[in-house]
Structures are given as C-alpha cells and as structure tokens.
C-alpha cells in the first residue's frame, strides 16, 4: 500500500518527467544569441528531439531564453514577459553577457548580471554559445527538473521584493501591471 | 492572378527528400568536433608564461585578472602572476593570444560549461585545465602576432668608415624610428627589476611612443642623471629579460633612452625640461671621492636634496671610467661634458686634479665633511702573468685607453695583440684598429664565452679585428733592445668542468705558436687602489676579494663612509655604479638625518 | 590628374557657388566641403536640386569637447556619377541647435531624432523629436564625450564579485624591486585601455 | 463603412518580428492606417564603446553590430582605419576578405530565406535553408575559429591564412549549394502560396526609392541598379566578373528574386576568388595595438552587405582610440522611415513579411 507521501512522490516523478520532455520556448529573441536558435531548432541540430519547440506566446511557454545582453529597455519587457508566463517556468541565460556583462560590461544601457533581476536556472557559457552548448543547457535544465532543483520561479516569488528593488534601480519608470497574482 | 498549377505542384518536390538520412548532428549522442582553429576556453602554459599581463591590458572586456598562483614565485623576469579569465566577460576574440609575447596563452577546442551557478565562471587557464595542452586550437605564432618581434635596426657607420676616425659609430634613431621602436613595447615593466637602478622603463618608452619626449627625459633623470651615457654604453640587463625577447628581439631600450636624452641638446635644455626641484641648502657637507658614474650620481641627487657636495677627482676631467675607459667612438666627449655641466649647474662642485692621499688626506676629508662616499673604481690592471710582461711594447688596456682618451698618443706599431675577452679588450682592439694597426684578440675560451657584448664583438669583427679563441699566451719574446717583438701562445682545448661549471681551456701540449707583434695589450681585469685609506679605516672596513663590503644603502662598517661603483659591486658596469650612487644618497641622507 | 576629373568639376562648381566653402577632393568619389553653419541648408538644397545629389546617406555628429563644438557631417550621394560629398560644419556645443532638413529628406528625421537623443542637439523644424532609442533617460545625452559610460555602468549595474584578488603586474614588480614611480610616470604606467 | 481604429503593438515579443523591436500599428479592420516603429531594445552603445577602446580592441565588438552578417562590419572598420592611416593590404588578404564577405552574404540570404518563407507558413523551408546555412558556418568556423562572430578581418588584412584543403571544401560546399538552388526554387520561389503572399505586397515606389534612401536588394527590386560593389569597387571586386541583378516591381517578390539571383552571383564570385587568389602574406602588421596611434583624419567607407549599403564614418584625433565611429546600417533607413511609410495600407498579416523582405535588422538601427 502506498501512503499519501509516496503518492505525491509518484505524481512528482510523472510531473517532472512530462515537464522535462516538453520544454516550450517563448519566441523572444532578446539579444544576439538568438541567431543560434534557428540552427538549434531546425534540421541540423533538431532540438525538437528533446521536446523543445517554440511557442509564440509567453502564457503557453515554459522556458524563457535570455539570449545575451539585455538593454534596459528590453529588461522591462522581459520582466513583463516572464511574469506573464505560467509556472512551471524556467530561465536560461546565454553567454557571457548574462553572467558578468560580457563585452558590454561598460555600456550604459545593458545590465551586467542577469540573476539580479530574474531567477536564472541555467547559464550557458560562450559568446555566443554554439548549438551544442544550447542543447547541453537544455539537458542540464532537464536534469535539474527531474531532480526538482529548477526552482527559479519559486525563488522569484519568495524574493520578489529583492528582485523588484534591483529591477527598479535600473528601470526608471516602472509603469507595469503586476502579473504575480 | 491566374490559377497557378505549377506553383501548387512544384513544392511537392520536397517529397523527394522522404526517407533520406537527415543531416542532423545528433548531439549529445554524436559529437561534431570543433574546428582546428576553434576559439574556445583559454589554456595557459604556466611554465612558459612570465606573467607580463599584456593579455589583461589588451582585453577590451576587462575579463582577465592577474592573480597569484600557489607555487609560482615572483622572480626577475617573471611577475609570478598568472592570468585568470572571467568567462562572464570573455568574448573569445583571442586578442589576448595575439599579444602574448611568450606564446604561452592559447585557446582550446573546449567550449562547454553549463551550470546553474553564476559564480563558477572564473577560469584560470592552465590550472583549471591542465590537459588543455592537447586540445590547443587558436595558438599564438610570431607571424600572426600583433606584436612586432623585429627591432628597428640601428643605423651605424660602415666598418670601413669607422676605422678611419673616432666618430661615433652608432648614428641614433630618427624620431620616426624611435616612435616605431617604442611602439613595440608592451609596457609590462618586468625589465625594471633587472635594471640595477630600476629605471622607469615602460613609462619613458610609452612617453616616447606617444611623442612626449620631455616626459621621457624627466622620467629618465628621475633616477639616473647619466641617462645619456647609459643610452650609449649601458650593458642593458633590461633587454636580457625583455618579454618580447622570449620569441624575438628585445625592445631597444638603450637606444630609446639615447634618443630621448639626446632630444635635450645642452645643459640649459636639460634643466628646462627636467626642472629639477632643488631643495634649499640644509647645511650638511658630503665629500665624494671619484667623479665616476657612482660619484656623479650620488653628488647629483645629494645636491638636489640640499646637501653641499664636493667631488674630489684625481684627473683633469670628470667621468671616471666612462671618460677614460670607454673609447670616444662609443661615448663622445661632448656628451659627457654636457651631462657633467648640467650637474654642476645644479650645484655639484668638482675639484679636479685632486688625488685623495696625495693632494688631500683622507683624514682631512673626514674632518671637514659629515659623510664620505668613495667611488674610485678599479684602475689598477691585473698582470697577465707571463714572462716579458713589463717590457717595452707590452701595455695594459686601461692605461692605454686612458692615454688615448686624454688625447695623448701611444705608438703601438702596426701589429697589435690584445689579450682578454671582455669589453675592455674589445675597446682596446677597436681603438688600435683606428690607428691603423692589424689587431688580433687572443682569448682563452670560445667566442660564446666572451664576457663582452655580442654587439661589441660583432662591431670589432666588422672593423677587421681578428679574434683568435682558445689561445693562451705563454711568453712575450723580446728583441735585442728589450722590446716585445713577438708573442708565444698555445692553442687550447675545452674540457668539461667536472663540477658542472663552464668548460675550461686546457693547453694542448706542443701546439705552440709564435706571432710577431709590435705591441701586446693586456686586458684581463683590474682592481682598486685603497692605499689612501688610513690603517685604522682599513682595519674597520671589510674588504672581500678586492671589494668593500657595504649594506643595502652602500654604507660600510664605518657609518660615515659609503662606497659604490666597481669597488663595491661585482657587475662592473656604469649602470650598477649609478645604482650604487642612487642608493648611497638614501643612505647618506638617512645617516645624516639620524645623526643630527 | 585625369582620374579625379569628375570630382574636381564638382569641387569647382561648389566653390564657385559657395565662395566661403572650403572644398577638397579627398580621394576618388569623395569630396569634402567645409561650410559655415548657416550655409548648410542652402548647400544641401543646391546639391540636391542642382547637382543631383539626391541620396542622403547619413548625418553624423562628432563631439569636439576640447573646442566646445559639435561637428555635423552630411553625406550626400549622386546616383549618376556615384560621387559622395561630405558637408561638414561646426555648431556651438552649449545649447546646440540646428535647422532640421526633414523637408528635404524624410529619412533625415530619424538621424535628427537620434542626434537629439545622443548629443542633445535640437533640430528646429523637426516635428518628431520624440524618444527614439533610449527610454526614460535621465542625465546628459550619452554620446557626449563628457558622459562617462564606465562610471555610469559601475554605479548602476551590478558587477559580480570574486575578482578582488587581482594584482597589478607593474605594482608587483615595483614591490619586488623597490622602484618608486614618480607622479608624471603614472600617466604612462596605468595602461587602462 | 468606416471601421473603428485600434492600436496594435507588434512586438517586441512576437514571433513575426525580425529581431527585437516593436511596431506600433494603428489598424482599421485588417488594414494598417499608421505605423510607428519603436527601436532601442538592442541598444548597446557600440559607438560609445568604441570611443572607450583602442582601434584594435574595436574589432571584436563591431561584428556584433549585425548578427546575421558580421563580416561587412569588420571589413568596413578595417578599411576605414586603413584609409585614415594609408596602410596597404596584401593582395591575398583582399581576396580572402571578399571570399568571407560573399560567404557571409550567402549565409545571410539563407537565413533570410528561412525567415521570409517561415513567416508565410512554409515551415519546411527554414528547416532546409537554416540547415544548409550551417555548412557555411562550418566553413567559417574552420577559417576563423568562430561560427557566428568571426573577428577575422582586421586592420592590415586578415588574421590567419586559409587552412589546408580549405579551398576544396569551399568549392564542394558551393557545388552543393548550386545543386540545392533549383530545389529552393521549387519549394519557395515557384510556390503558389509564396507568390500569392508576396507579389504586389509592400511595394516601394520607384520614384520615391532613391529619395527615401533605399539601398541594397530593396532598391534593386525596384529595377534600379545600384550596388557599392560596382559603383565604388572596394577590395578586389573590380577584378571579378559578376552582374548585379535587378528586378522590376518593387514588391516583396521582386526583392526575393533579387536575393535569389544574387546567391548565384555570390557562388560564382567565391569560385572566381578561389581561382584567382594569389599567394603571399595575408597580414600587413599594424603596430603593437597598445601603442597604435592612428593619425588624425576621417574616412567614410562603405560596403554592400546582404541588406544593402553599410557605411562607416570613422574619425581619428591622433590618439590610441577612435574619436568617433558612426555606423550607418542599411536597416537604419529601411527599418524606421521606410517601413513606417510602406506599411500604411498593408494587411496586418503582411507586416512581418514586409519587414523580412526589407531586411530590417534592429541591432544595426540602434547599435
């Protein structure tokens, strides 16, 4: 006989199995790393093998790819897109720019460390990351999901105030609806 | 538009592809290897790297830090630091590889780093990937490097032209050449450590490269008042460890210094550029014995600090060995005069023709001055130790050069043999060539063992000096008048030193030769004449192997007595003497201030 | 020089019409015209209508902070002989104002919007000097030379810690050797490229 | 009947938008009444950053100005500084540069083909063209060490010579591409849907095109022969035989056909370049980049990129760093003033294909 706890565990396993094999990526090319998305998605690297495919709208999507630098103007839209996404949701940071500013470390218009503004589940190294690296990133994400470690969304809600503070520091005019209901 | 039947059917052509094997790279099940030149993560050969930091300087992303690595010490020619790359900044453009002077830095085929930890992107090449050597892909090579490994050649008089006169052999860089040569410098500053004076080499070279020659002169005079002399005759240890010399020709640091200092044509211009900040007189008196490089340097900086300095010089001209030991085709008289005049103009006093010990006693100096600096140099030549050495026609190179530089003539005849392989020997040989003699240098060991600068050796060969190596003189053969007419020498073979030192020459029995000569010049080294010291001083100071033992600030065991130059260091060159003088200034200042 | 015939003819025509203009033939297909600021509009009009330079390739601005001037560069192309004219002028850097040329070329509007945003130049007559690239920008226009982007970035954005143990090579060497670099040398030492 | 006007925000997060930008549309029914482009989402301040960097350090960043096709940027900056400095480039380097430029043009057109047809619902086409484009990226990786950002062309020539056997591999790839072109014709350019959606859509008026400053394939799609490669031949384009195709019509289809025919020309040019390429050095060393003082002066240079005329205006004040580098990308005009004009009257569903056909590339608008 299974008790409730075990049942929950089984549900979790099934859930994370389903989740990790249907990662829908919101179609938002935020930066230059987006140029490697078409090769990854199309015939040469064929990411659909992993259940990864594009989704036109944020509400149906699971993964938000931050493909490199974020201009402050885009950051505002990205936050909005992210908040519109429904859980489970994951963020992947592409390349150097999302980690410590990359080449645009001294630009007045790009943020340097993405994880200050959004919870990032996986970082991929490269400038820009090759399709192989992108796929490895997805595999890593799948692995984290199955281990139950990809909890960026929960972290975001829990630390919303901290994130908001950082976001507000760089976005001067915060005129956005709150989607974190 | 009409019904387009062709346009509807033709796309169905794609069905042809049905059943074909797709060209998909089934990563991660199959892997496509990165290209031969792929620009992935860095690899650094920690052994080859000298920590010059050029990679960190060029990185436009400020991705590279130089950090201390356990087990790597700071040594001369190696800062002991190694690059660490922030992969959260890097764009793998490989500019760092293209400017790496040693070629230790390269990029590899490895590019995969996927993580949930944003703090894991600091990457120390070589430490984090010790196996990176095997997958090196974008490597540095001399041909494609952004650095220029070829020195701008220095224009010189032709060998045939040179021997006709004592005109300066080196013609100097033009402004354009100097800037081009200076631009080769990467400004790491490793060289400064090997310079006895620690001159501000990258700074003045950078100043030259940017066209600010005045600043270059100021930086040179900051710790070397004989910059122009050093620009002409320095032994330039800096160039030995120049980072660029690892794979190419070192930056011509000496010639650049020469260029910069020569932009100031006379003492007024020097003073105008340098604008020496001379402190008001502080009432303390210091005596300096010997107006050689160490004495002049000490005097110059002491005078700037407000001391009342007097130099006692036994000869009629200041400069010491640089005046009397170095031939005028290397260092012209007016250049020395210019520098000495400039020093005098800021308050250095020189008493010429005053030999301490005969014209004035050492005790008198001690009585009248608070501190005494001795920089008398090595003027007494070693004897060669062969029969007939004291005969007419056998002279010592230092004496010979002194006479020539004092514009007195010595008849050497037309067949000269110089014994020795140091710079003095080469100088004597080249000077003799200028008097039209046929000159042969006899040296015990091989050419590569000669202590003289390779440029000097080359210059001598260009001028037609014969160099006979592995030849040991045995005897001067005299004629009936007691004059040298020939020299007997034996050939030698090199035997390895059992203790691992450099090979030694051993006479081959019976392989003896006689060469007819008119003059034999000995040049195998000199020593100092300490006869002017009183007995109690001699007892108090420590003299080891002919040299006075001093502390870090050139102070002897007698607190008020300082020493510098050849008599205290083994390097026996002008720049070391300058360094001693510079250090002695600090010592004297400290001594006097602490005393009063 | 037979090769630069067309260019010379163009230069001649311009200097005949605009006496104060400084005209140089820079190279093949490049003519540079330096003009007084009030002559730019007549010149552009003349070039467009009488000399067939109908294509406005770009308008650029250079900040000469030391001279307290902005340099404006108008590049025009003639489709027939493919010659390009660079018309340059200087305007004052304090309260910079210039005439809009949107009535000659529609696309001038975009350039003028950008220059207003990046340099703060007010183009009189341009009806759409709205926000273009930046959003809610506060402070001096960023492309001006006196705007320090490094400082701004460091103040505004977060830099990941962990790199504080970085050493300077020159300092390490001086520490070992005991060299003291004088004040004037420091400008030449810190190669903060 | 007059329909009510509504405002529609197309982008920045929208699958049909090229890159990351936004078009604010006023629509009445399905018809666009007014269009307003909003850019700046990708503004990285390249021009400011270049003023902070030395000339050599600027090369790794200029290629980022245009992501699909970085080489014209590198080539332009290289040629600008070479013109200011009067530096000669070895002949072989010029050939290699042209080869890289044409390969990148081909790659850019393949990507455009995927975007253009994918946006019209032809989902097989991007699978083919983007997949095939990867073979060019493989070549680039082999030649330059990078798939997307090559950082290969720089002042004084190119960074490295061709690797061993590279010529054969390029020729093989070109043969493959040539054999694929008829397939693409059948799949895309003859396709009834493609034609239906593109002919007569997004028409640029021939008269207005010149005055509006249209360049590149959109201008040649209006039947006007204008191409920097023949007007002001740079590198070795004057030594190559090629034609500049023009198509009348000014609509999306005309622009598509211009690109389609240019692909043939590019393949032929690459073959000629490889055939004629002389031996010798590929790099005329610039001084040590830490001490490279570029003399005072300025230069306006231009390149024909896949989207049209790329212009660089570079000013040097005699120091280590550029005084000013102004980048004039073709999309600057296409993406803002031209787009706003020709979208008026278009159907909403055509907005994305029109943007694609103009080659609107936001990173080069805002830089």
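A, B, C and D are the chain letters, set down in written order, and residue numbers restart from 1 in every chain.
We take it that contacts are C-beta pairs under 8 Å (C-beta built on N, C-alpha and C of every residue); 3 or more make two chains touch, one makes a residue touch a chain.
Computed from a predicted model, the values in this text were never measured in an experiment.
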Would you kindly count the fewest steps from chain A to chain D, each step being a jump to a chain that touches the current one?
1
Chain-centre distance (mean CA atoms) for chain B and chain D, in whole Å, is 53
Rounded to a whole Å, what is the gap between the Cα centroids of chain A and chain B?
58
Between chain C and chain D, what's the gap in Å when you average each chain's C-alpha atoms?
23
Taking each chain's centre as the mean position of its Cα atoms, how many Å separate chain A from chain C?
39
Residues of chain D touching at least two other chains
40, 43, 45, 48-49, 52-54, 57, 60-61, 131, 149, 290
Multi-chain contact sites of chain A, meaning residues that touch two or more partners
43-44, 73, 99-101, 103, 105-110, 113, 127, 130
Residues of chain C engaged with two or more neighbouring chains
134-135, 142, 147, 149-150, 160, 191, 193
Sort the chain contact graph into one of these: line, ring, star, complete or other.
complete
Touching residues on chain B, where the partner in the complex is chain C
51-53, 56-58, 60, 65-68, 74, 79-81, 84, 86, 88, 118-119, 122, 187-190, 192-193, 198, 200, 202-204, 206-207, 210, 215, 218-219, 222
So in the complex, which bits of chain C are touching chain D?
27-30, 54-58, 60-63, 73, 75, 79, 82, 84, 86, 105-107, 109-110, 132-135, 142-143, 145, 147, 149-150, 191, 193
Touching residues on chain B, where the partner in the complex is chain D:
1, 4, 6-8, 10-11, 13-14, 23, 34-39, 54, 57-58, 60, 91-95, 98-99, 107, 137-138, 143-144, 146-148, 180, 182-187, 206, 209-211
Residues on chain B engaged by chain A in the complex (per definition of touch):
22-28, 31-32, 60-63, 86-92, 111-118, 121
Over in the complex, which chain C residues touch chain A? Could you list them?
134-136, 138, 142, 147, 149-150, 152-154, 156-160
